[in-house]
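Think of it as A, B, C, D and E in the order they're written, each chain with its own count starting at 1.
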Amino acid sequence: MTRQDTLENIVRISGTDAKKCMKCGKCDGRCPAYNDMDVKPHQFVNYVAEGKLEKLLASHAIWNCLSCMACVERCPRGVAPQGVIEAVRDTVIRMQGNNGIKAEEIPPIVDEMIPQQLLVSAYRKYNK
Amino acid sequence: MQKIGVFICWCGSNIAATVDVVRVAEEIKREPGVVYSADYQYMCSENGQQLIKNAIKEYGLTGIVIGSCSPRMHEATFRKAAESVGLNPYMVEVANLREQVSWIHKDKEEATEKALILVRTAIAKVRLNAPLKEGESPVVKRALVIGGGIAGIQAALDIAEAGYPVDIVEKNATIGGRMAQLDKTFPTLDCSACILTPKMVDCAQNEKIDILSYSEIEEVKGYVGNFSVKIRKKARYVDETKCTGCKICMTKCPSKKGLDEFNMNLKTRTAIHIPFAQAIPNVAVIDPEQCLKLKTGKCGICQKFCGAGAIDYTMKDSFIERQYGAIVVATGFKPIDLTAFNEYGYADNKDVVTSLELERLMNAAGPTNGVLLRPSDMTHPKVITFIQCVGSRDVSGCGKPYCSKICCMYTAKHAMLIREKYPDTEVHVFYIDVRTPGKNYDEFYRRAVEQYNVDYIKGMVGKVYNENGKLMVQGSDLLNNEQIVIPSDLVVLATAIEPEPSVRKIATLLTASIDTNNFLNESHPKLRPVESPTAGVYLAGVCQGPKDIPETVSQASACAAKVIGLLAKDKLKTNPCVASSNEMMCNGCSQCANVCAYGAITYVDKEFRLGGGKTEIRRVASVNPAVCQGCGACTVTCPSGAMDLSGFSSKQIMSEVEAICKK
Amino acid sequence: MQEVNNFTPNIVAFCCNWCSYAGADLAGSSRLSYPANVKIIRVPCSCRVNPMFVLKAFQQGADGVILCGCHPGDCHYVTGNYYTRRRMSLLFSFLNYMGIEKERTRVEWVSAAEGAKFSEVMNDFVAKVTALGENKRLQDLRVKEE
Amino acid sequence: MIKINKNDINAFFAAVAEKMPLYLPVKKAGETNYGMYAEGAEVDLTTLKTVKSAKDFFFPQSETMMKFRKEGKNIDIIDVREDKEPFVIFGVRACDYKAFSVLDNVFLQEPVDTFYKARRDAAIICTLACGRPEESCFCKVFGIDAADPQGDVTCFLTENGLMLRANTEKGEALLSLYNNSEKADEKEVKAAQDKTREIIKKLPFSNLDLSRFTEENLKELFAAEEWKELSEACLGCGTCTFVCPTCQCFDIREFKTRQGVIRYRCWDSCMYSDFTQMAAANPRTTQLQRFRQRFMHKLIYYPSQYGGTYSCVGCGRCVNKCPQHLNIVKVIKKLGGKND
Amino acid sequence: MSELEKRIIEKAATLLAGGEIKRVVGWKKGEFIHDPSPATFETEESLKDFIYNDFCGANLSKYLIDIFKREGKTAVFLKPCDSYSFNQLVKEHRIKRENVYVVGIECHGKLANYKVEEKGITGITSEAHEGENVVFDTLYGKVTASREEVLLDRCLTCKGKKHVVADETVIINDYEDKVSDRFAMVRELEAMTAEERFAFWQGQLSKCIRCNACRNVCPACSCLKCVFDNPQSGIAAKANDDTFEEQLFHVIRAFHVSGRCTDCGECSRVCPQHIPLHLLNRKFIKDIDSLYGEYQAGEEAEGKTPLTSYTESDTEPNNVFTVTEGK
């Protein structure tokens, strides 16, 4: 995959049009994991808009994001910063190769009380 | 059979250099119906026009075609010339031989051929032209202003000044509108009431102005110059002609728990009340939802104490019907509902207030008598945080996609006033962008920053939560790339504004078009910004788009100028190129009315003769030529072809098509 | 080897009085040329153009029909071109469904300031229709008689 | 009488088509109508009724009568009439063949319609006997023998092949174009005819009573109450008239061309609200009047003008094609029934 | 006589006996059971000729345009799909709703006479639906045909068994709505090349004899004076000369009814040449659905049609093909 393909892929997965961002910073204002992030939520959007793929891939913040969706929920422009983070995370994981949890390993470790969304995001995060 | 004259203009060398004008004039002579054809250097000149006039007279021409520059240029000139010698001006067609031929083609043969086709096309059309006469309709010399805020007041005053009677219909008990609620105004910081109330008084005293307060528009019929409007005067339960405004009733009324709308519900009021001290008319009104007498039948104290005998509990809504020549819509705005923005804790914390509420909190006539105290515990707030763009520029569906335009300036004003009056107060402002175009506006904002040390933070607030009595404002600081939490005593939300909701109904009554945000549409965004597409309806203030007081006042005066211009005419000339329905073919299906942007089409039940002495009543469309603007949308919607447009009839256009296709 | 196309199509252009006709005038006063086989019919608004006119043009042997109007939202008559847009969308799609080449029909929004655009659009349209050749499918054969 | 084997029928058509245009029932887009014989055409001799009748050959749905050419202020009139080359119509059923004579009465009487006559003279007509008449057929009522139609050549289609009998010189000449035929077995033809006649006897409409449709009864029938009920559902479309082999009304219209005007005539239908449109209007203002006109014309006005020949041949096309199932049979039954 | 037919005739009798209803619009027996005609019945006695069977395909809505004007109230029997046409006519003010009493009646698909004939089924004396088949009693014995083969095209893609307007209904069996894709053929055409499509329509429309049956039966084509009959319209034409049909008549007709056509399928039912005219209207319906949102004409008796409304973000005409070509 070329650099351009990777970028386009991130845009596609994120489902977000970065050009819609009006740089208000509301995503940052709401983010509970903000202080741990080296790249801030609004920067993810900005990097996509500016095509700074390397900065995206190198970010550590993709592992800090809680996928709480607060930034998505509150964005006045219908932009999804978390969507971008998720997309970058996916891309990084895919680049690492096939080392995820196997389907049959899942049932014993699932706590039925855990919200589905958290589960999915945890898998994505910790299955490397 | 038409006798057609053709006049080919050289336009100096503009046309003649590329088009063989002599050949065109010569060949066109052979066209059926053409009895005269000539070419001349400048048809639009005095001599050229004389040539046309002479030919019309000499040959008894019934229609003329001018091959010249664009009709947008000289059509009117040639029409006038024709009219001056008795030929109907609508029997003139122009073939555009300059802009569409000589200026864009180089090859003379090709250009001449095209010129011939264009002239033949114009002949084909003019053969089917019919003389048209501009209609006339009388003008009722009275104006209606809907809404008694600063826009309505200004428009009414200006119209009255020119000598025309004006009615202001205001749905509240007093005129004054939003501006009456404000404390100070930017960028001069003069007191709002000080500049508004004299104008309100002027209105009351001007004998040309009739203020119909506590009234609403019920029905509108008619069209430009001739509106007939039914107005509902809501039951006030106080006789306006008798009440002296002494306010004794207010001191005696036992029902004191009503929310005071004028003070943004930050205070209570009695059931019988005068909205505020300088209200116009200075007459009490009873809130029927609150009044014990009206609700339970027991009480009647105010009536007992009213020396003027003005109280009448049996009062009913009444209706008046008046005729107007023009209508100004000035219905104003309201702040949006904030329930969708619970992240700012507006519903849960008394100390999170909107900017309009802050105006009241700072106003000398407000609930705190002008001392800035926070609503929860009536203490003086030490840290105040402003949040900008609450609900503005929001496409997520919670707010409004547009910029509310006034918030940047009033927030700077608030910040400055607070720092001025209470220098020990810390003021923070979260902003996305600061927009201050306007005379002395940016200077004003810079003063807040430079002189008053207001802390402007580029970033947005994510949430506001209450922690031990402090409002914790968590937001981003984009310039420092950090997340900050400001423990505040008072949070002020620069709430987006939206058109007053009642404008929807008014727009429907007036058949004035409205956009997706409920702002009324103007006729042209640049060139006709104060006119509604519906003729005779004008727009002032925020009902047309967000704007501040100076802009509102200018627009109101502009409206007044337009209204005066209209009322000054005794008769209105109407464009004769309007739609009309052939009743013998009309199905009455209503499709045409659905696409008419002007509400020019109505339906009438008409009796038609059938064969054998029988008659039949059918529903048919009827176009009001005074209202129709002649776009033709209806003509295409009509499947039977009953609807046609004078001057651009289907047959005319099709004959043009045929002429072009002949090559 | 490229075939030389000597065919000159006949194009009918409907222009609204307020924007596109003025745009055409501006193209003229700016000396921005476009082929002579484009002939303009002035209508008050693009919404005056009845699909019957379009079909009539094709029936009479026009090779392409183009409608020009104010940009959506700028209509002199407020909403006229919104209706045009729907009508022509459906008509064009339908003609395509009947097997008529879709390049023969077009709608363009040209403002009074867009003389250059008017000229570009016409040049492009004429080029596309020229490439298609004569309108055989919608023409009434009687029209040409010999 | 000659016989052409089943497998050779196409060869026969090809031989004829080589010499002159040959028209015969052809299936196109699912429907059988007369069409020109050509390589690959789907010839359909089994379908009993083409949708449109054979009258089109002499009286086409629209035909140019003259042209006007405009040149400046001059107008030239161009005569478009020309000599018609001979052509063959194959597969005309007895009813349609009879219909030609109904049309002849109208078009060939003085003044002769030269457009019609030119075509009529040029045509060589090969009729085809019906093998299996249908429920909607009632030609017998008008004295037509579906098993033995006339024409220049009469054809019979049997299981073994096509039998052809020349009735005229033109017919002889036509058959001589093909020389790969054998002699036909007359018995076989006779058997087929008997079978057909047997079927006809049993058809539901074969015994309609026309005796009341006479000139004497004109006024009474015209005033009959039943028309209201009969015409009630009529849509005023022209289906019945356009599929009818005997309807002969036309309108004259003009069409603008690049050079001038074409004047043409085209079928009209008395069912249309603008039929016989005059300065004021159609004199028949209601659909009842228009409906009545059509059937009164077929059953009374025409016969009284042309020696008792009805202007209906019982082909049954209107019975099949009327969208709302109105037809002449219902009229005959309803109004003729008064005789009893 | 089927149970349903009996109940309907009883209903008609009750309505006429009630006094308020002056006439009932239904179907009248012809010479056979397969040739019923629309008719009005004013007396209980006249109901002896009333018929309701699977050959009663005619949509009675359009007759109401004239009949509703007669004195007194009129009752009409409407099949589910007819009720859409009725509603659309009410919407266009062509019928006064209050003058008509609507009885919604059961329908389980109507038969196409020509399809039955093509299968060689003649001498029919009675017919009945049996599952996926139709069984005919004929003079020559019992014949069974699959519904697919003998139903009208429109019934193969039934819109549903719901009446959008009815003062009461006569329904015995609740048939399940058969879900089928009514745009399948439109899609098939869309998938062809322009040349193929042109050839298809050329083949079909060249059969047209301009009898106007499609127009005159169409509830949406209810103009007092059709543009094609009006010499003033500039496109009047009577004959099917040359290629006129596909150029003007059928295109204009389809355009004029677009957004108003309820897809009742009468045009295709009545065409003497069996041209699939409904495919023209369905193209408009499909495009409207995909461009401007699902819309069923006649569903509501009020409101604007897709062509008399707009949104600011509608598709541009030049881009429309990507959406409507179904690719």
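Couple of notes before you dig in:
Everything that follows uses one rule, which is that a residue touches a chain if its C-beta (ideal position, glycine included) is under 8 Å from a C-beta of that chain, and two chains touch if they have at least 3 such contacts.
Keep in mind the model is a prediction, meaning the values are calculated, not measured.
Steps from chain C to chain D, taking the shortest chain of touch contacts, total 1.
The set of chains in contact with chain A as well as chain B is empty.
Shared contact partners of chain A and chain E are B.
Comparing chain pairs B-E and C-E, the larger number of C-beta contacts belongs to C-E. Farthest from chain E, judged by the mean position of CA atoms in each chain, is A. Greatest Cα centroid separation from chain B: this falls to D. Annotation: 34 Å between the Cα-based centres of chain B and chain C.
Computed centre separation for the pair chain B/chain D is 68 angstrom, with centres defined by C-alpha atoms. Each chain gets one centre point, the mean of its Cα atoms, and the points for chain D and chain E are 30 Å apart.
Along chain E, residues 227, 233-235, 241, 307-308, 312 each make contact with two or more other chains. Shared interface positions of chain C, defined as residues touching 2 or more other chains, are 51-52, 56, 60-61, 79, 83, 87, 140, 142-143.
All chain pairs that count as touching, in label order, are A-B, B-C, B-D, B-E, C-D, C-E, D-E. For chain D in complex with chain B, the residues that touch the partner chain are 70, 72-73, 256, 258, 281, 285-286.
Per the touch definition, chain B reaches chain D in the complex via residues 30-32, 610-612, 658, 661-663. Against chain C, in their complex, chain D makes its touches with residues 64, 67, 255-259, 262.
By the touch criterion given at the top, residues 20, 22-31, 34-35, 40, 42, 70, 74-78 of chain A touch chain B in their complex.
Contact residues on chain C toward chain D in their complex (touch as defined above): 60-61, 140, 142-146.
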